[in-house]
Amino acid sequence: MSEEILFDCLHAEIVNYCLDSNKEHDLATLEYIGFTTGYRLIERLTREVSRFKDELETMKFICTDFWMLIYKKQVDNLRTNNHGMYVVQDKAFRFLTRISPGTKQLEHAPKFVAFTCGLVRGALSNLGINSTVTAEVQSIPACKFHIEVNRN
Amino acid sequence: MAFCIAVIGKDNAPLYLTTSDMEQELELQYHVNAALDVVEEKCLIGKGAPESKELYLGLLYSTENHKIYGFVTNTRVKFIVVIDSSNVALRENEVRAIFRNLHLLYTDAICNPFYIPGESLTSKKFDRAVQKLMSGTA
Amino acid sequence: MIIYGVYIVSKSGGLIFNLDNNVPRIEHEKTFTYPLDLVLDYDSKKVSVSFNRKDGINVGHVLVAVNGMPVNGVTLDDGRDVRTTLDAPENYPINLKFSRPKMTTNEKIFLASMFYPLFAIASQLSPEPKSSGIEILEADTFTLHCFQTLTGIKFIIISETGLNGIDLLLRKVYELYSDYVLKNPFYSLEMPIRCELFDNKLQELLAQVEKTGISNIDK
Amino acid sequence: MSRQASRLDAKKVNSEFLTLTYGALVTQMLRDFENAEDVNKQLERIGYNMGMRLIEDFLARTSAPRCLEMRETADRIQQAFRIYLNIQPTISNWSPASDEFSLVFDSNPLTEFVELPPDLTNLRYSAILSGCIRGALEMVQLEVQCWFVQDQLKGDNVTELRVKFVRRLEEVIPAGED
Amino acid sequence: MTIFNLYIFDKFGTLLHYAEWNRTKKSGITREEEAKLTYGMLFSIKSFVSKISPHDPKEGFLYYKTNRYALHYLETPSGLKFVLNTDTTAINVKELLQQLYAKVWVEFVVRDPLWTPGTVVTSELFQSKLDEFVRQSPIFGIRNI
């Protein structure tokens, strides 16, 4: 718990830093900070993990073990169309659980999911999966992450 | 203890290579390169199930003077260790230990925020630790 | 049981009587070496501790003596400035005596006049209709009980915390007031109470309460 | 299917996650600003803002009363490092007037993997820590100065953070009162 | 036992939040004026308490009671002031306020990234958590008439 609040505060400040109106910053910067973090972090988290058989196994690892370690809860739903599209649903996403649900707050939601999009993309990238990760928040604190694997 | 330790990137570009015997450097480099082909075969990266789920690949091949061992991380970075064939005292689990330590050192090195993934590993800290590993004093 | 003080506030908010009883003297004396490790606050009227309390010398305590010489405000008895004296290394080791500030009569009058509006505001801010003013005020170091007569006079007792029956004691003080103040032909309402008999009776009452408790006072 | 990662120590992962995210932030700032001094300021500011919030969690968690002496303050800061970063700095080098002390760290989780490039000697990589201390203490009416005296990143044996009392901030008197 | 209303002030006297439950009487002035009056009164009480206290106070003022209600006060070292009005029989209110600080304020205000310290709290999430917390407390209870 105590480390969680520390990270949550840091995350909130990074969001503020990246979206400070004085600078030409945007969600992409925030996403990139997540990307480099995910890229490095996954190296550590997969150190004791046996080799992934295929893409599905890798995705499962990211959406179960990785999610659990970072977000302290299991995802509520994980689906795939078997054509490289994965949808992760978290009904109480860590960085949204303390934000009031409401249309005004909803406008701010993209700021609090961008880091995680990058984090997942970075982790997958280092595991050899090139992807596009987007997030969709329809009602706070629930969030859906769409992971589209670019198979070229 | 070991003659040569190499870290090879995802794209097979060497990130780090060190040998204990400068005179044999070329030969050792050749062994490392040859080993990469064996690694590719063993892992069949991207083509169905790999032979083993273990990151440690064991002995890749041996020559008259050298034994070449391999290890591939989940992030497809390869570690190659070349040891003296005549060194019969060196047991399998000791080779495993070298890889395990090397893996630890590597992950720490890439976690340095100033290291750009894919670039060669120039960290002095990493180099010092690997030298120790190679001389068996780690 | 400890009763620290009795106050009587007139209908118009003036302090007409007060008795300090058992107010502890909180003083601490210590010899310091240079540099002084207390953080002091020098204002125009006093030198007080603002931080780095030490050995009983607490934040808020006021400097009363330097090497045994009394301090008046910010100057020593011999006219030297306190700050200059404490800043000079050659004056060390130095003996300083601090005291928890005691209320002056003026401050008491001021506090009584402060309590008066508080009493009224507490009633105005009540979330329930028909509220009285403050009857009990609890702090970690004391309890204040207040009893207001129908004629608007407030009797206030400051005691240690956790006592029962203070309301009974308040009534008793009210009785003494009726008997020895109101019935005193020389007393005019709203004026400070100067009745020796009342003083004596009240002190007797408090002495009795402290010895045997409130339940034993004669009704 | 749960794989072996569940064996990982959650505390360690939390700490590494923080360390890596912070590293990513610092390097981003170095791209955003031309000189390290500006980055130091930004990091300090971020720490200050975090301190303002963390102090409330700390106070609620520990029920700590207001500090009336610097030695208490030092103990609380030490306790906070234990709670939030799982490290215990040593308190040392008190000034004779007891208004200044050092927090000495044998290890600093923020810099666990960091090797500072030689051209960044002006960068105060862990400036977030000093900012955090300042922000937190200001919330409890204590103004302090806080700076690094030694830094393992720059080759020192330990990392030493100095904290100096400046003044106690007075409570604001509401308008119309005195 | 019952709970009437709650004021939360910051150290500058800003009313960060107000909530009420079983309040039956209004003060007859605007919310802002009422807040100002309440804060001013508390400030005076604190100064009164520190002067009249026979010993060095630690927490100082805890509560006062009239014949109709009790005002309970919790001030954090960061200068946040929680002021809860209950009926006069409510007990353990200080503990309740401490819990409110830790479990509701810190969780849903301090940790809300959209809240800026020092500003009025408008979060509906906080309001509903606060309401839930108060209604679940034993003090809220069933009203004795």
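All chains are identified by letter, namely A, B, C, D and E, in their written order; residue positions are counted from 1 within each chain.
Here is the rule we use: a contact is a pair of C-beta atoms (placed from the backbone, for glycine too) under 8 Å apart; a residue touches a chain by one contact, two chains touch by 3 or more.
All values reported here derive from a predicted model rather than from experimental measurement.
Put simply, the chain closest to the centre of the protein, by Cα centroids, is D.
Set side by side, the interfaces D-E and B-D show unequal numbers of C-beta pairs in contact, with more at D-E. Once the centre of each chain is set as its mean CA position, subunit A and subunit D turn out to be 27 Å apart. Subunit C has its Cα centroid 61 Å from the Cα centroid of subunit A.
Measuring from the averaged C-alpha position of subunit B to that of subunit C gives a distance of 80 Å. Touching of two or more other chains is recorded for residues 111, 113 of subunit B. Across the assembly, subunit C contributes residues 58 that each touch 2 or more other chains.
Residue positions 16, 20, 23-24, 27, 53, 57, 61 of subunit D are each in touch with at least two other chains.
Applying the touch criterion to all chain pairs gives A-B, A-D, A-E, B-D, C-D, C-E, D-E. Interface of subunit C with subunit E (complex): residues 4-5, 22-24, 26, 58, 60-61, 100, 103, 107, 111, 114-115, 117-118, 121-142, 144, 158.
Those residues of subunit B lying in contact with subunit D across their complex are 108-109, 111-115, 123-125. Residues of subunit D that touch subunit C in their complex: 68-70, 96-99, 165, 167-168. Within the complex formed with subunit C, the residues of subunit E that make contact are 4-5, 20, 22-25, 27-28, 34, 37-38, 40-41, 44-45, 47-69, 71, 85, 87.
On subunit C, the positions that touch subunit D within their shared complex are 34-37, 39, 50-54, 58-59.
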